[in-house]
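Order as written gives the chain letters A, B, C, D, E and F; numbering starts at 1 within each chain.
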Amino acid sequence: MNNMEQQFLEAGTLMITGMVVVFAFLSLLILFITTVLAKLADKYPDPVAPTINRSNKKKNKVASGEVSPAIVAAISGAVKRYREQHSQPNSKL
Amino acid sequence: MESLTKLWLSTGLANFELGQVIMMLVGCGLLYLAIARNFEPLLLLPMGFGAVLTNIPVAGFSEVGGLLHYIYYAGIDTGIFPLLIFMGVGAMTDFGALIANPKMLLLGAAAQFGIFATLFGAIALNSVPGIEFTLKDASAIAIIGGADGPTAIFLASKLAPELLGAIAVAAYSYMALVPIIQPPIMKALTSEDERKIEMAQLRHVTKIEKVIFPLGVLLMTIFFLPSATPLVGMFCLGNLMKECGVVDRLSYTAQNELINITTIFLGLGVGSKLSAHAFLNVETLGILGLGAIAFSIGTASGVLMAKAMNKFSKVPINPLIGAAGVSAVPMAARVANKVGLEANPHNFLLMHAMGPNVAGVLGSAVAAGILLALV
Amino acid sequence: MNNMEQQFLEAGTLMITGMVVVFAFLSLLILFITTVLAKLADKYPDPVAPTINRSNKKKNKVASGEVSPAIVAAISGAVKRYREQHSQPNSKL
Amino acid sequence: MESLTKLWLSTGLANFELGQVIMMLVGCGLLYLAIARNFEPLLLLPMGFGAVLTNIPVAGFSEVGGLLHYIYYAGIDTGIFPLLIFMGVGAMTDFGALIANPKMLLLGAAAQFGIFATLFGAIALNSVPGIEFTLKDASAIAIIGGADGPTAIFLASKLAPELLGAIAVAAYSYMALVPIIQPPIMKALTSEDERKIEMAQLRHVTKIEKVIFPLGVLLMTIFFLPSATPLVGMFCLGNLMKECGVVDRLSYTAQNELINITTIFLGLGVGSKLSAHAFLNVETLGILGLGAIAFSIGTASGVLMAKAMNKFSKVPINPLIGAAGVSAVPMAARVANKVGLEANPHNFLLMHAMGPNVAGVLGSAVAAGILLALV
Amino acid sequence: MESLTKLWLSTGLANFELGQVIMMLVGCGLLYLAIARNFEPLLLLPMGFGAVLTNIPVAGFSEVGGLLHYIYYAGIDTGIFPLLIFMGVGAMTDFGALIANPKMLLLGAAAQFGIFATLFGAIALNSVPGIEFTLKDASAIAIIGGADGPTAIFLASKLAPELLGAIAVAAYSYMALVPIIQPPIMKALTSEDERKIEMAQLRHVTKIEKVIFPLGVLLMTIFFLPSATPLVGMFCLGNLMKECGVVDRLSYTAQNELINITTIFLGLGVGSKLSAHAFLNVETLGILGLGAIAFSIGTASGVLMAKAMNKFSKVPINPLIGAAGVSAVPMAARVANKVGLEANPHNFLLMHAMGPNVAGVLGSAVAAGILLALV
Amino acid sequence: MNNMEQQFLEAGTLMITGMVVVFAFLSLLILFITTVLAKLADKYPDPVAPTINRSNKKKNKVASGEVSPAIVAAISGAVKRYREQHSQPNSKL
């Protein structure tokens, strides 16, 4: 058996082993998600957001996660400006 | 006069070797791709710049005492930089789509066929005169098919450091080319009807699932594939910091300052391996060719696996999202979304494609671990 | 004298020396604060804030340190969003 | 087949030693405390994760060439990481409350009795078979009573590096337990009337006082206790950067990116010392026990000193704030405030307790300097 | 008793040497200049603090195992810190004003005469007993005239590391003194009419010019002066990151966190070279004197060159902006603006002076390259 | 020729060489700017901003780069506050 044949054999073994292990590993991960994680999700559900409160709030004031796009644009500009003010050219550093 | 002679002898013009000139042009080419074509600029820009610097005659950037020498040996030879990048990427990754639809992991597994099939190709290339790839070299090259930059750099630094430059260039180039390489393959392997398939909305994923997931992944890697734990471990650390909600300042730093600083240095350090000696040979052509093959086979395997799963699945699966299994987050998912929209303007696949997309990151880290363990 | 006795002796000496020095050191620091710093505070008082100006200002516009909580909430959200926009998942880094 | 055997022999399952499994569980325990119980998560999360990683068989995280090996030797063995953390903490600390009421320094001094009394306890424990603490070991353990993480890590790395893991775990655990450990001691040593004492409002502190204070502290440390200058010096540098008002960008970086990056690495590096060999022995139990004693004696000494001072002081002093003298900033001050509010709903002690609280930081740094100089 | 003796023998008071006391006072002087007088506080504050720390007896900050020892050898001896600072400064620099009016480069060239003329002065000083400057020493001193901190530190660390402390102190002190040193020279060399000259508005500079400019500068440096490529290369990398618009997150990090972290360490490391042995000798006086000469000649050369150019130019050139050619960005440009406004309240020279100002940065990096190549 | 003379000679040579090279180098850079860059600027002008659109926009909403100074002040304060909230004293780090 010459060298190249041997290398092909090695590569072939590696390919088969590799794909088997990759599939086995990620399949186990599926199992982990569908069993362990699913059970945990049942047992520890996310706390329900106080929806009634929220919709009331929304009418009165802007909730922190729901800023209007115009304000976001204005603020993004301001933040950028703020940052630029704090990184003035200062070659003598 | 003597002084002017000395000065002339110290100029680049008097000391240039042809190889250095060519490699500088390669560096400029990378800068062009980064800046003008927006090809993975975060890494290709510092990498191209590093390639220019390392090839400057007389300056000695990559010799003992030179800046790039320190950067390479402190951060890349040790594997520290790619691992820090991986931690930051972990802190940016949302596994929600994958947890909601765990079967997507099979697509991330199938797409790794590109990696292992390429091993064959690399050995076959050894029949070309001037190319002599060991199995280690072949493995480092094949990982390009994983479409994951830090994984490729980490593996190459361990298995074939002399090929690192060419492998990194190929890996990032093909990742940038995802929108060009993938669509024809995706369309060739799917029918119009398949591409039109709409998928069911994903369920809500709870916080506890997201927190435990990285720990479970790490645990399984420890059990079955410890050689992959550097990559998977740092990735899971970053993801845990993001999801646990109690160390936001660390998570924020990992995703921003730390990854930015590391990216600059990683790019420069990888660029420092783009010397004429290491790059200008027929092996580099082989690497570029094999990388393209790995990438294409990976894409095809993902799509074909998704087609097969669609056959046997109760809920419909659009085969296009299989292509996202190569990783290249988030570009491959966006490509799947785009091709899907072309077939059906109401078909938004982005979130569905994020599942195989992040599964592909895990898949290629697992593949890297197998190669480290066996080669 | 066996080894342990000797160690106790050492520990005891260390305890006494340690507490004496800690108290001496921090007492000197008290002295430093009540003399040097106090004198400095007298000599270089903080510049008085132009209070009249300020209260005028306050009526007309929001001073930078006194943003209303609602706006702070809105901005905090916006800043967070801005930051998130600048740290998009990008695994290919 | 041969390949599968090789792969199996490289798995964690085939290589686990019992000690590694137990230490991984310890690491998971730290993660649980950090995430689910919010116990000092900024340090316990990376520390717990580091403990898991370092005990992975085959992976070699803490062997030459491993990530944690580099982190430990570059940052902890050299003392650099705790000193950078101390600089950042200095840049976050406001000495205003202490300058306004300098007598509080005596409370910060008294609370250090916990440290020195523990030296005795450690020597006494030597009579237990299997425990053999040198005076250096005893000193490194006793500093847990200082309730200051970086100080404990710095001292342990100099005096007893092989105990570093256990000492750090104990130090951060007890600091997290401040709200549970301290209140019973505080209530046992004070009467209801004492707990109700309201304190006079603090005077305004000028800018010049705040700027000169860190310089004065450094100067005195130089004169009388140079061995404490690494800790005190970096702390004062951070504080000076904060207060001087002319290097805000440096102060901001010291309090944010730099301390965050260092915290991630410090946690991982400390976690890497949590190996079975170094942790799973009776000495660790001794360390946990002695740490609890040191902490409790420190709390008691602070309260008793405050009671004594209240007797002789013209202005009333609430003895509860003495407990804040152990440091554990700002948790101990908050605990004093909370216990005070329970006795008297109009009694806001928080600002008053910040004085002994930051005094405790200086006190334990001074104590560390004494131990470094004499042991 | 024995213990107290041991403690006393470990105090600073028992171990002080006169030189250490004096050097601490020098350090405090730097802190005073930084904080109270706002003299280049970003660097003089950590530098002054480092000077205090390194002279503490017993503590051993700059001996093997000490913090400043690590900082110095990792960052300054290798040249890494000044190069990172230069990258950050490049990312903060806008070459627009220079590209719009490229003749300003001649002013940046002329101002370097201060550097080369000082070489003469340094040799002449060798006739003073106790002073013995080699040509390397003289070159490292002369670069103070370049008014660029990182360039001075980089060159001194290569050519005359034992003079590094004095050179850095002198360089930053004179840069801080720009508003005091320059105006008299500028007024002495110009007439009232010349100072009143108003300059034409600058043309708009396109994005492509700004992107290609740093690459062109680097290319020319590679061709003609490779020894300057470490400085020029990192500067151009920073500038390219800023201008290309595709790696904003890297550019932002280079200008902020990375440069801030490096500045803290650079200052401490430079301060660690302020030992009595290296600083308290007549050579330091020579350095301070020569630095002042270099600075003044540089200013004068710039102004005279601008006068000459004004004679031959079609568009009017205000000679005041020549003084900005020494660099000291952006202070020198502001000084030119201020002196111009004194003569003519409608004469806004700031943007015009930014051209020679940034040209001066390139000029002194080129001068440093020449000295590295020939000395 | 004694040592000092020789040094003066070296210094003089260095001065002349140095100034010649500095001027030559920066003059070449002038050439580069006036030829290569100028040509590039002609060939690839900056894309013209859609000015008409912009002025319309301006009337309707605040563009990101043109936030009013009052809002910038408010936001700067809020950003500062936000940052401070995220860097609370935490000595136990």
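Here is the rule we use: contacts are C-beta pairs under 8 Å (C-beta built on N, C-alpha and C of every residue); 3 or more make two chains touch, one makes a residue touch a chain.
Fair warning: this is a prediction, and the values are worked out from it, not measured in the lab.
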Chain of greatest Cα-centre distance to subunit E
A
Farthest from subunit D by Cα centre, which chain is it? Let me know.
F
Cα centroid separation between subunit A and subunit D, in whole Å?
33
Indicate the whole-number Å distance between the mean C-alpha point of subunit C and the mean C-alpha point of subunit D.
17
Subunit C and subunit F, separation of their C-alpha mean positions in angstrom
35
Residue numbers in subunit E touching two or more further chains are 3, 7, 42, 224-225, 249, 252, 256-257, 263, 370, 374
So which stretches of subunit F touch two or more other chains?
14, 17, 21, 75-76, 79, 86-87
Complex interface listing, subunit C residues touching subunit E:
13-14, 17, 21, 86
Under the stated contact criterion, what part of subunit B meets subunit E in this complex?
3, 6-7, 10-13, 15, 24, 28, 31, 34-35, 38, 41-42, 45-46, 49, 52-53, 56-59, 61, 65-67, 70, 256-257, 260-261, 263-264
Given the complex, residues on subunit B that touch subunit F span 2-4, 7, 248-249
Where on subunit D does subunit E make contact in their complex?
78-80, 83, 211, 215, 218, 222-227, 229-230, 233-234, 237, 240-241, 244, 246-247, 249-250, 252-254, 257-258, 370, 373-374
Which bits of subunit B are touching subunit A when the two form their complex?
98-99, 102-103, 105-106, 108-110, 112-113, 115-117, 119-120, 122-124, 126-127, 135, 138-139, 204-209, 212-213, 216-217, 220, 224-225, 359, 362-363, 366-367, 370-371, 374-375
